[in-house]
Amino acid sequence: MLFSAFSLLSAGLFVALDAVDVAFTEAAVGAGISTILALATLALTGARQEAGTHHKVAPLIVVIITGSVLIYASIDIPPVGDSQAPSHLHVAPRYLNQSMKEVGIPNVVTSVLASYRGYDTLGEVTVILTAGIGVLALLGGRRRKKERTKSGDKEE
Amino acid sequence: MEHHHILRTITKLLIPIILLFALYVQFHGDFGPGGGFQAGVIFGSGIILYGIVFGLDKAMAVIPPSVLRVLAALGVLLYGGVGLTGIFLGGQFLDYSVLAAEPTKGQHLGILLIELGVGTTVAAIMILLFFAFAGFNREERG
Amino acid sequence: MMFVAGMIAILIAMTLILVRAFLGPTVFDRILAVNSFGTKTVLFIAVYGFLTGRPEFLDIALVYALINFIGTIAVLRFFEYGDFTSLGQKREDR
Amino acid sequence: MSNLGLYNYWIVITLMMIGFYTVMASHNLVKTLIGLNIFQTSVFMLYISFGKIANGTAPILSESHTLYANPLPHVLILTAIVVGVATTALGLALVVRIKDAFGAVDEETITLEEEKEE
Amino acid sequence: MTLLGIDNHLPALQVVIPLMGAPLCFLLRRPVLAWGFSVAISSATLIIAFLLLQTTLQTGPLSYALGGWAAPWGIEYRVDTLNGYILLLVTAISTLSLLYARTSFEHEINSAQLPLLYAGWLLCLTGFLGMTITGDAFNVFVFLEISSLSSYLLISLGPDRRSLTAAFRYLVIGTIGATFILIAIGLFYSMTGTLNMADLAILLSKNTESRTFHAAIGFLLIGLAIKAAIFPLHLWLPNAYTWAPSAVSVFLAATATKVAIYLLLRFLFTVIGAEHSFNLFTLNQALLPLGVLAVLIGSVVAIYQDNIKKLLAYSSVAQIGYMVLGITLVSLSGLTATLLHLFNHALMKGALFMAVGAIFYRTGSLRIADLTGLGRTMPLTMAAFLISGLSLIGLPLTVGFVSKWYLVVGAVEANQMWLAIIILLGSLLAIIYFWKVIEIAYFHHKSSEAPVVNEAPLSLLIPTWILVGANIYFGIDTRLTAGVAEKAALLLLGGTP
Amino acid sequence: MVQWLVDLLSWAALLGGALFLVGSGIGLLRFPDFYTRLHAAGLADTLGTALTLLGLGLQAGFTQPSVKLAMILIFIWLTSPTSTHALAKSALHSGLKPSSTPSSGGKSS
């Protein structure tokens, strides 16, 4: 529930950071599909409000170490919004300046996504297909499962 | 949701709008935010909304899972097929410039087709996911 | 300038709503708060688009409005019936 | 202004660590997945922060603007979001099946059940 | 369309053929069709991999610009001797284990799921091949996720309910690993503005003092170590391999960690550069104890297992330790040993898991105690198990000996005699855990009321014995493997082969 | 002259909208029970949204953005009352009682 609000909030942040396409997707996926699937799972598992997170020390230490390493790393990252950051000077300008001429599409995100790095997108579609196949294999065919439990019992 | 009359009426009204909007996002992705993936999700959401309000069986009657499986595979095949066409026309894999006489025209055509492939697969898989989750355990309960 | 005023108002409203979403106390309060929060986000994006001079982004606001509706209905359905499958069958009947 | 720009990273990192902690400390499998999702989303924010340019605007070309955000991180994150939702879907499907097979979705009960079979 | 034209597109086809095959396989309803189709696809990739390796050996590295966009802007595929070698390994194992899979799957998995399973298998293959062949850092992440997601799926379909929890835990740990890799790639990107590996290597070498760079290496290492199951991040591996369907165990045990080790080598040596990762960072001092601990602890834990697949899985953890040891030597013989062991371990573990799968097919049990008398009732299967076990221990005339020999030579060259002793100790421990199995199978007499078991069917035995044969052949004739591995190692160290 | 008038109007609309939005936020937070909060969220929101979007629309003039604004407005007008209505109905349905009225909704399925 609050997770959906979190998605909306993060999508708002993406808009503020000028990543409209990302915001678009995050809104549709995070607040829409993920929420619906999470709810369906909760409905099937019947675990609505269970005992909260147990406080454990070991994970906390790991988290603190990871966080500190990231903050350490962030010191040398160019600050947000710096137009002279190396990441804006190497590959990206070509996309922004040549996209109109080479691909002919004003939305640079689409032109990079579909053309310059189109192969990544093919991978992305494949990932979705993988998830689809996986969920079908796991949740399709109800009858089969019972047989399996039986044979599983015998094995042990 | 039998007793939600207003909801049912409004939903009936909204679903065509949603599907139209999905198509708009699909084909407007070149100029504004959006594209195949987003359109696929919105299209899928439209059908999912139908499934939520009117029940799984009705939604499955509209788009049977077997059709969705074919569509999901077709989307990927369309994408890959465009790539392979690039090879056959003498370019590299996924090179759209060779698809038409002018490179930019080819790029346009290529992007249109692959976005269509993305949209098809994503929409089909999203609906399939919903069907799989919502339909799990159904027979047991009657 | 006036867009900024609108933005600030929306942000204040968003904060208030978030507090309500955290406080609860019933699930329906939370759903209401999140739904209302979604509406505010739509407005926020719309106003932000005008603020930065790129009104094309209204598409996103539209998607938000849509997803927000679907999300609310799904959540509602879940809390009322406990699943997505059977029609008019209540959780207790299971 | 020089160090102000880093605050955004720090907030993102904090969020990331909250997600990471949830993943590791949570006993409920669904919560673990939600934590994973938060963790990933904050990584997406980190990427998008790399792409931000002050006074720039979204990378959709138009005559009235000259300074745009870096489109590449956006593209990468679009792909990553899709990967994230795919992972979530598969994970949730596994949770449903685990509930079916073990009758529980919390770590402790499942471990107990597993030990019974050893 | 001439044959010559196709030749130029081999790098792309290597990945695209299984990628396109997967959705087609997904549509097939009949399990036999799906199986035949996957075998055909897998064999096609094997042929392509063979041709690619041959080309790189003859003419040097190949580069393929996907979408026709030149390297830093588009995605580049880059095949050199190193990844050609890995490609060949992955496709060969995939084809062999698919041949094996049919009978085994029919026994363990319901027929309605088989087409989905084969589609998942092809996707997994796609992921491995894509990760190996690509020259683009972000593309690695995408294909890593394809292979990971499909391997979660493959594992979760195992015949025991514990396969579900194993897959779930692998999913959580694996996703954390992948996200760490994603963070590292992001940090690299923020420093350089590029994602192409060759380009990254040039740009990163200018800025090695940056804190971001150090942190990124840390994240990358942890992420890849999770995927490669390097001690102490191996915890997902034993359960995942134990409860997966038999044929899937064969495939994953022989390929998954190998590809991750390949990525580790690629990033450490090509992208970051050996001098930065090892001299500046003294990374080998951090990795060395991990490798030693992996060898010792993995082997000792394996001794105490009473599930035979778990025993093999812990033995894998130990074997990965050997590969890590080879890396830390940062010398030609050390790296050659790692690369050789990569290949040889795939052969040995493949054969071992196949033999175990055949045993499970007949006895329905994975417990070591239930193996009594199998030396007599399933002589061919147990002989295969015995020979590949001896190979794992490192007996001369088997592949296991060759890679350990190189490793010992590397250790002696580096004046680290104690390392050579650790390696020998590891072999001794391997003898102990194998003896446990062999003793029960050959020397314990079966009680009379136990059900009679027959020899495994030929469809399982033939692939097993092909791998066993490879174990012996490559143990005697080392020119091919050692030659290629040495060239690849030279390439990593920056020389020209 | 006309421009000035349009500006003034859109100012007024935006400010009015802002007022309603903040009001609805406060109401949502401060009202005593779910059903009263429903009013705050539902009614004030609809009006606040309408005014804000109107203000934006006046600025945009008759262009594509204002068409989209109109679509958003219609959409919100359709969905927001629907979801609040459905919410109220579900709440009543699942036995949540308004604090002031005697229980008449009760459980009935």
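By letter and in written order, the chains are A, B, C, D, E and F; residue numbering begins at 1 in each of them.
One rule holds in what follows: contacts are C-beta pairs under 8 Å (C-beta built on N, C-alpha and C of every residue); 3 or more make two chains touch, one makes a residue touch a chain.
These numbers come from a predicted model, not from an experiment.
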Label-sorted list of chains bordering both subunit A and subunit C is B, D
Apart from subunit E, the contact-linked chain sets are one piece
In terms of mean CA position, the chain most removed from subunit E is F
Of all chains, the one whose CA centroid lies most distant from that of subunit D is F
Most contact pairs found between chains A-D
For the pair subunit C and subunit D, the C-alpha centroid-to-centroid distance in angstrom is 21
Note: subunit E sits from subunit C at a C-alpha centroid distance in Å of 47
Whole-angstrom distance, CA centroid of subunit A to CA centroid of subunit F, is 32
Whole-angstrom distance, CA centroid of subunit A to CA centroid of subunit D, is 5
Touching at least 2 other chains, the residues of subunit F are 75, 79, 82, 86, 93
Each of the following residues of subunit C touches two or more other chains, namely 31, 56-57, 59-60, 62-63, 66-70, 73-74, 80, 83-84, 88
By the touch definition above, subunit B meets two or more other chains at residues 3, 7, 14, 31-34, 37-38, 42, 45, 48, 52, 69, 72-73, 76, 80, 83, 93-94, 96, 129-130, 132-138
Listed by label, touching pairs are A-B, A-C, A-D, A-E, B-C, B-D, B-E, B-F, C-D, C-F, D-E
In their shared complex, subunit F is touched by residues of subunit C numbered 2-3, 5-6, 8-10, 12-17, 19-20, 26, 28-29, 31-33, 35-36, 39-40, 42-43, 46-47, 49-50, 55-56, 58-59, 61-62, 65-66, 68-69, 72-73, 76, 79-80, 88, 90
The residues of subunit B that touch subunit D in their complex are 31-33, 37, 129, 132-133, 136-137
The subunit A residues in contact with subunit E across the complex are 69-70, 72-78, 85-92, 94-95, 115-120, 122-124, 126-127, 129-131, 133-134, 136-138, 140-141, 144, 147-149, 151-152, 154-156
The subunit C residues in contact with subunit B across the complex are 56-57, 59-60, 62-63, 66-67, 69-70, 73-74, 77, 80-81, 83-88, 94
Within their complex, subunit D touches subunit E through residues 20, 23, 29, 32-33, 36, 39-40, 43, 46-47, 50, 72-73, 76, 79-80, 83, 86-87, 90-91, 94-95, 97-98, 101-102, 110, 114, 117
